[in-house]
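Each of the next two complexes has chain A plus one other chain: chain B in the first, chain C in the second.
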Partner chain A sequence: MARPPKRRLTETLALVPTAPLRAVDFCVDAYGGRALRCLWAVARQTIAEAVRMKLAIFFLVLLVLTFWAASRTEGDGTVSGRVQSFVTYSVTSAGVLLAVLSIFLSRSLSDELQQRQILMLMSKPLPRWQFLLGKWAGIVLLDAVLLAVTGLGVYLTATQYLARQTPLNDFDAGKLRFEVLTARHASPFVLPDFTREVNTLYARNLEEGVYDAIEDFAPLVEKDRLRKYLDGRWRNVPVGEERYFEFANVLCDRSEDSAIQIRYKAQANRYPPDEILRTQWIAGDRQKNTAIAATPRRDVIGRYHTIAFPADTVAPDHTLRVRFINVNPYAGEPQYDNRLFFEGPRGVEVLFQVGTFGGNLVRALVMVQCKLMFLAAVALMFATLFSFPVACFCSFITYLLAGMRQFIEDALGSLEAKGAVGLARAVISVMVDALGYVVPNFARYNPVELLADGRNVTLAWALQSVVYLVAIGAGVALLIACLFFYRREVSEVSV
Partner chain B sequence: MVEILSHEMPEYLARRQAARRRDRLVQIVAGVIAVAGIVVAGRFLQPLNDIRLENQMVIDPDTVKGLPPIETLLAKTGTFRALAIDIAFIRAEKLKEEGKYYELRELADAICRLAPRFPSVWAFNAWNQAYNISVATYTAEERWQWVNNGIQLLRDMGIQYNPKSVALYKELAWIYWHKIGDFLDDYHWNYKAELAVEMERVLGPPPPAVSEQETIEWFRTIAQAPRDLERLLADDRQVADLVQRLDQVGLYPDETLLDFIAQNLRDDLSVERYLEALPEDERYELRARRLALLSDTGLAAPRERLLAALRSWVLRQRYHMNVDWMLELMEKYGPIDWRSPYGHALYWSSWGDKVTQGQINLNPNDSMNTVRYIMMALANMVWRGRIILTPDFAHPNQSYIELLPDTRFIRHLHDAYIELSEAQFGDWPDFRPGESAGSYRVGHFNFLLEAVRQLYFEGDPNSRREAQFYYDYLRRVNRNPDGTQKEIYLVPLEGFVLQDLRDAVAGFKTANMVVSQLIYQSFRELAEGNVERAVQLWEEAKKIYGIYMTDVAGDRLDRRKLERLSILRADGLESFLANRSIPLVAKIRVWRAVEKRTRQIVWDRVEGLLHKLCSEHDPPLDGARAFPEPPGMEEYRKNPEQRRERGPSDVSEGTKL
Partner chain C sequence: MPSDDLPVIQTAGLTKIFKDFWWRNRVVAVDALNLEIRRGEVFGLLGPNGSGKSTTIKMLLGLLYPTRGRISVFGRAPTDVAVKSRIGFLPEESYLYRFLNARETLDYYARLFRLSGPIRQDRIDRLLGMVGLEHEAKRRVGEYSKGMARRIGIAQALINDPELLILDEPTAGMDPIGTRQIKDLIRDLGKRGKTILLSSHLLADVEDVCDRVTILYGGQQRAAGPTSELLSQRDLTQITTEKLPPEAVEEVRELLQRTAGKRILEVSSPSDKLETFFLRIVAEAQAANITTSGVRAAGELPDFLGGKPSAEQVIESLVSAARAPQRIEAEPAPTSKPAAQEPARKVIEQLTSPPKPAATPPPAKPAPAQEQTPERERKPVKADRSVIDSLTKKPDRPKNGQTPETSSD
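Entry: the complex of A and B
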């Protein structure tokens, strides 16, 4: 009996990349129903086609090249800056490249329709929705694999290569550890309850007849106005005064060697000659027996600044009290008459570590993958309707609109509301609003800046993107695609 | 049959044919008109191009460096370029507001590359980095990086692509003069130290105790060195041999060689910390071989030729400076120390003024301000142009740096005032030759008032003569509007100098100048044997120092504080010993008369110089006997006099109370 021919090493190695596919084959065959088997067969075929056409390999090479370029960026010259730049550019460029890949992969459907290959498939007992869903699954699976490879590369390059470069100084080393390669939760301060003051003020005004002359007087609206007035007044800190910012649920590690950060942005009514604010911050609560830490500050006006405090300034009940004093603590330097104010909920916030960079990266990549899944569904939807060039064009437009929606909205907000510009603004606003019902705002699901800034990409946010972009966005797009596809005459002559 | 042949073409076909003929005719006529139009337009093209060239409305390819391929490609992106610039600008501003600076350098770079021929973009981004972003960072190293980024953006790219834009030269000169050279930034001492160490890496420590002319001659060797290193190696056999031998000890003809020399071939630095990268035995052995090779007197000539060529190459290639113009400036304005920010401010303002001469579309304000920096830079060289630097090559911003007055530049600044006044206001009806005019006049007189005081306190006969000359000039030129003598000049020179001394020391600049000059003058009196007068001057220095330091006692940042008095005294002694115009015997007399502590402070810095002076003396003197080492040096080295720390550690984190 002749022995089977010996398999060569190269042939064995060639099997390695297909091993995961074979594993899925085995699982689907063993445990999947008929629908799943059909779906997987189409998905597998789509992946195999992408590999065969060298499209996946081409994009993999592009990914590696952009990855290399991102790792060469200098940032602001600090190691922490380099890591931040690298993470920003590598994850963003991976998202863009894979989006382009998703759109290109949808061409297989257009091609099959145009070249009649689909007729063979349609003669088989394969429902059209399974065919479409299989195509989509193939595209998103390929995206997922490439994104996972990118994620691993980002993680290893950031933590094992860039982070091991010699830091510029201790400050740089600390920033890298506590503000970049971490996942920090940001919590705004708890606004004081102004209900009593509002009621007192309202009662006094009522008594003095302030509201008598006002037609259509609405007490609730007036109380809201008073609350906003008191809120604004509280956020204003004149020279020589101080404010206590209270934070709740500061669920951090309170050990001595841990740190929390206070991030703030102060505006001033009048700029000092050198545009520097001189103030003092004190963290801790004596009544709760926490450590007390103080720091004098020189800060540029109107920018966000971050200061670190020991974590044991947080009370055991996870509250934190921070005192801000608008008095120049630096002897020999003049005290300027600056009324300072902290605007909005992010005016002052506490940052504390809640996770790791790795976990953060995974959640961020999940959000990127959600966008790709939406885009793949949209690309297939257009492919069921149009020939490849038109479908491709429509998909790119959708991607651009989704990516730039926030920019367009912001730009419109900065335009004048009167005259010809105002008219143009109104018209475009209506169009953008209408667009909002069709195209999602990708900027709302952009985790890259938070990831680079060491801020926590929350699981809830990631799940939100799963629901909105995948379950609703991609779901609707696929549903429409199925409707179109079912109504389409596939044997129709198309040119 | 006849019927068929004679059958007329149906009417509709005849019409169609006619229509086709008509269309063809229209097409031919239109084509001819189009061709004629193109030919006629083509004939206008050359004259139009000539007019545009003549009016400097286009970039002259002969004078402008071509853009690299990537910039050229980006510049061809059409409308998308404007959109990309907008998006990058918006993102940069947003990141800046949020205090995220890590991406700003790349964004600024991208914006500039997208609009490489638009000078305002370069000027804005350089200023933004050097001023806005630098002050928002917290450590000296980060701050210097941003200031340096701004400089590099202009010097290495912006000016290279827009060499005829005077605004860019003005902006660059301003960063050197104001951001680094002035005293307003909390970290200005760190910037000064960084720049000084950076330039010392290239040019090495300046030649000690040489005259003005010798310093210029020292730089002339660099300016006149061969520009092509490969040609030098090919033509000069001795240099080629030296390079080969250097190669054997791991030194190569590039910046690393200059760096090694700057760090190792000096008397006052310990070099051990720079050798940590190699195993102990190997590194000491290698260092010894390198030093032996570089100190070999037999190889001195080729070594100097090689170093001069290398320095010239680095100045031209890395710093984009024209060494011929640097030399010309030194010949015109004096022995400029290129470690000083004022030297660079002078260079870029004067170079900008030179290369933009003849430009039509110059902003007159930019042009005039650029010229003003020439005088502002020279003025700063007078007040603080002499640099005392103890470099720390590992942490340049922690190097000790002191800026002392340098009266050698007074003459040059005085001449510059007169010369530039003539150039800019020479056609004014009330212009008088030999005098400053217009907006320069008041500045010129104020400068001379200070200069007279400074020269007077130097005390040597030449300086006193020079002080008298400028005082006489002021009396003659700076008169009341009715032509009568001003009251302040009615007293003799000495009375004029001393009358408002106390009022004058309110600022750091003047206080530093006066105290340093009084100390210096006391050494001169000591050299003459006038011990009583020397003590008087020293007491006066202490008194003024006390007055000034009491006024600035609250300055936590030490921005305006003078150096410790003992250090100032030691620096004064070092300056005195290094002054070539003072006889060696006078120096020996002072060395013996000065207290032990001051001698201990300066000994390690001046030992080599003093022995050199003794050996050069005719007849040669025994250095050890003329300038004996101060007793207790071993003990002193364990606990040396500490200089005041410059630049605060401003990384303010919460400190537990």
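Entry: the complex of A and C
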């Protein structure tokens, strides 16, 4: 068969993408131990297969198309909105695409079993665990490379292309800089200590004989109820009143040109006709000699709003005091009589920059990679047991269950709460428990929302996903895979 | 290392029963088999299809687990990974990766033996030369013919310089030249002290190369013993002479009747075997330099396979030992005596008319054109030998070593 002469050029070109492989080759050859040499041999074979079978290239093309589509989204028309939706879409879809790829790459093992290359492999001095681990490493490395390419693409598109579009207005520009392309830590306000008030109230009630008629009276429970009552009353701000929200450990850069943000969501007992709240926020603490900054606000009820304050309103001891006044500051606009309240621990939070968008993106991608590592291990586990179609099906079911676990738990949990009784209740609770043991909850390790919102994806969280998804999840899956594989007679073909 | 008198492979009451989905016994593939293969032996495992040859081999390699009975390979369990670094295995089909080329395929397997980079490259070059595929080394294995894939299979089985070579139907799918080469290879390896287990249903193959054979049927051993003993017909004598006229035959008949009281059972003039004829035709085509995309003439056995290491090899192993200390354990020590190299070399020496200096490594490049003499002039006395000898010689190629661009397939 005649060979086209241009082969020489393609061979030369092929040296470029394979350079990292060669570099690892060199290192493993020079410094690798016995196990590492085998692991790397299997891993590079897996990568070579994915590349040669054009699977990886197909996914790369798909990734680029997704990027292109995501970068075309308009969002709410603002540049900050466009960046947010681009980051959300591109990282999410890259995660899904690579999850599918990870599952499909386990085909390599199924094929070797089916087409019997395994006979040659297992007659070499290659321990079975090293073979499995090598396969996994190959898939995981390929994922990592593709994810790194994704990360670079997201970063460059977001910061160098989208962020350079002309912003709609100053608000848009500020939002992009301080609320999207950043990594902010959010910390809730410190709840006032109600112990003295609770004790006073409790003593008075006791004195007045309020509790005399109650059977099984538990003082601790009653004190807790009183605390909640006082807390609720404190969170309610009637018209004309004010509240001081105290924050501790605001470890931000306190220089003049940097900023902190207060994020809050106010509810009202009665809505004004235009559904707009007119209030005032003042940051700073006179006693601690900080700068003082005041902002009048017109806010839509029941939505999160963010106000930026200069960072020098934070005291040197990293505390921050914010005063909220339920009085209309706008002359000529009517004062509406209503009571406002801030619900839950995140009702009012302070946000301050602790890192960069780049660092945040890296941590978020590490978490995505953890999921891929788990899926790759699961797919290999099934591949040691079943033929490719069955293994693939099982892996996808696992992926779906992991992705939907939160939803399923909520749904089944509410069924349970809504008075399912007897057998039904038992079955539901067993199902929820079993699900908890079989698949991890992917929703708990989803950093995309925070990333797009410019909120810090903490290193601790990323490490947590490493522990739960990789060390435990993938570890157990690989262990089971080894068990199956060692018991298995490789020369028998599974169908 | 185990002592020499310990059998390389030993099985006792080896039984394999395949079960069905409901765990019921379905097929008794191997039934109470006792085998003993000694060091340096070429052992033939014979039997019709489905007689349990492959199953036995797979159990010897730990690819299948025996239902009953015991196996020891080099005194260890077949599932012991360390044992496998001393074994080379060619399965009944060459299960290769379609997406790799020949060089990459061999490289992958060499890596699994933890051979270091330079040694890998050297062995791959030599083995590709040996199986005659060095010019097709960059083609994807998926494009190969069955016989070519088989050759790669054989090369990968030799990459670790194994002490024990297990070949399951090695000549399946091979052309007669390949078959002949494989047989020569097995013989040469045997002479170098390798232990070889050969499974086949092609009786001629086994007859030519095996010291001992076992015949299986229905998973049971039906016959076993040294090949020559099993095949010799003790009550017959064969005499081969030059062409005799009928009257001479008649005289011989009378003479035999008179002196020994025996009669002649058959008088015939032997025809050329088709194999011999075929080999001669191909040799002529190769001599005429007709291009092919298939296998070229195969080279000789690389000298890393057993035998006494050459001075070059010793230096090389010392240098690479200094570079990568752990490599040494991956390579089994040379096992056979210096003389073992000679037979293979003899063949080559017959071919290259001006003898080469003794220290020259095996010819990696085709012999220069002017050194070649016409085929027929050098034909030795034994017709059979001459054909295979001429095949082993490399045909003329363009001097730059480029592959011819045309195809004859």
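Here, the second predicted complex is superposed on the first by the 457 of 495 C-alpha atoms of A that agree within 3 Å, B and C clash if a C-alpha of one lies under 4 Å from a C-alpha of the other, contacts with A are read in each partner's own complex, and residues count from 1 in each chain.
Definition applied: contacts are C-beta pairs under 8 Å (C-beta built on N, C-alpha and C of every residue); 3 or more make two chains touch, one makes a residue touch a chain.
None of the values given here were measured: they were computed from a predicted structure.
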Clash-or-fit label for the pair chain B, chain C on chain A: fit
Partner chain in contact with A:Met122 - chain B first, chain C second, else both or neither: second
Chain touching more of chain A, residue-wise (chain B, chain C): B
Chain B versus chain C as contact partner of A:Arg52, first or second or both or neither: second
Touching partner for A:Asp25 - first (chain B), second (chain C), both, neither: second
Chain B versus chain C as contact partner of A:Glu489, first or second or both or neither: second
Touched partner set for A:Ile307, first chain B, second chain C, both or neither: first
Chain B versus chain C as contact partner of A:Ala402, first or second or both or neither: neither
Following superposition on chain A: angle at chain A, chain B versus chain C, Cα, nearest 10°: 120
First, second, both or neither for A:Gly33, with chain B first and chain C second: second
Smallest separation of CA atoms, chain C relative to chain B, angstrom: 29
Of all residues in chain B, those that touch chain A in their complex: 87, 90, 96-106, 132, 135-136, 138-139, 141-142, 145-146, 149, 184, 186, 552-557, 650-657
Chain B-facing residues of chain A, complex: 73-78, 80-82, 84-85, 88, 168-172, 265, 274-276, 281, 283, 291-298, 300, 302-310, 313, 330-333, 407, 410, 449, 452-453
List of chain A residues in touch with chain C within their complex: 1-3, 25-26, 29-30, 33-34, 37-38, 40-41, 45, 48-49, 52-53, 115-127, 489-492
Chain A-facing residues of chain C, complex: 58, 61-65, 81-82, 84-85, 87, 89, 91, 93, 95-97, 99-100, 104, 108-109, 111-114, 116-117, 139, 143, 156, 166, 293, 323-324, 326, 403, 405-407, 409
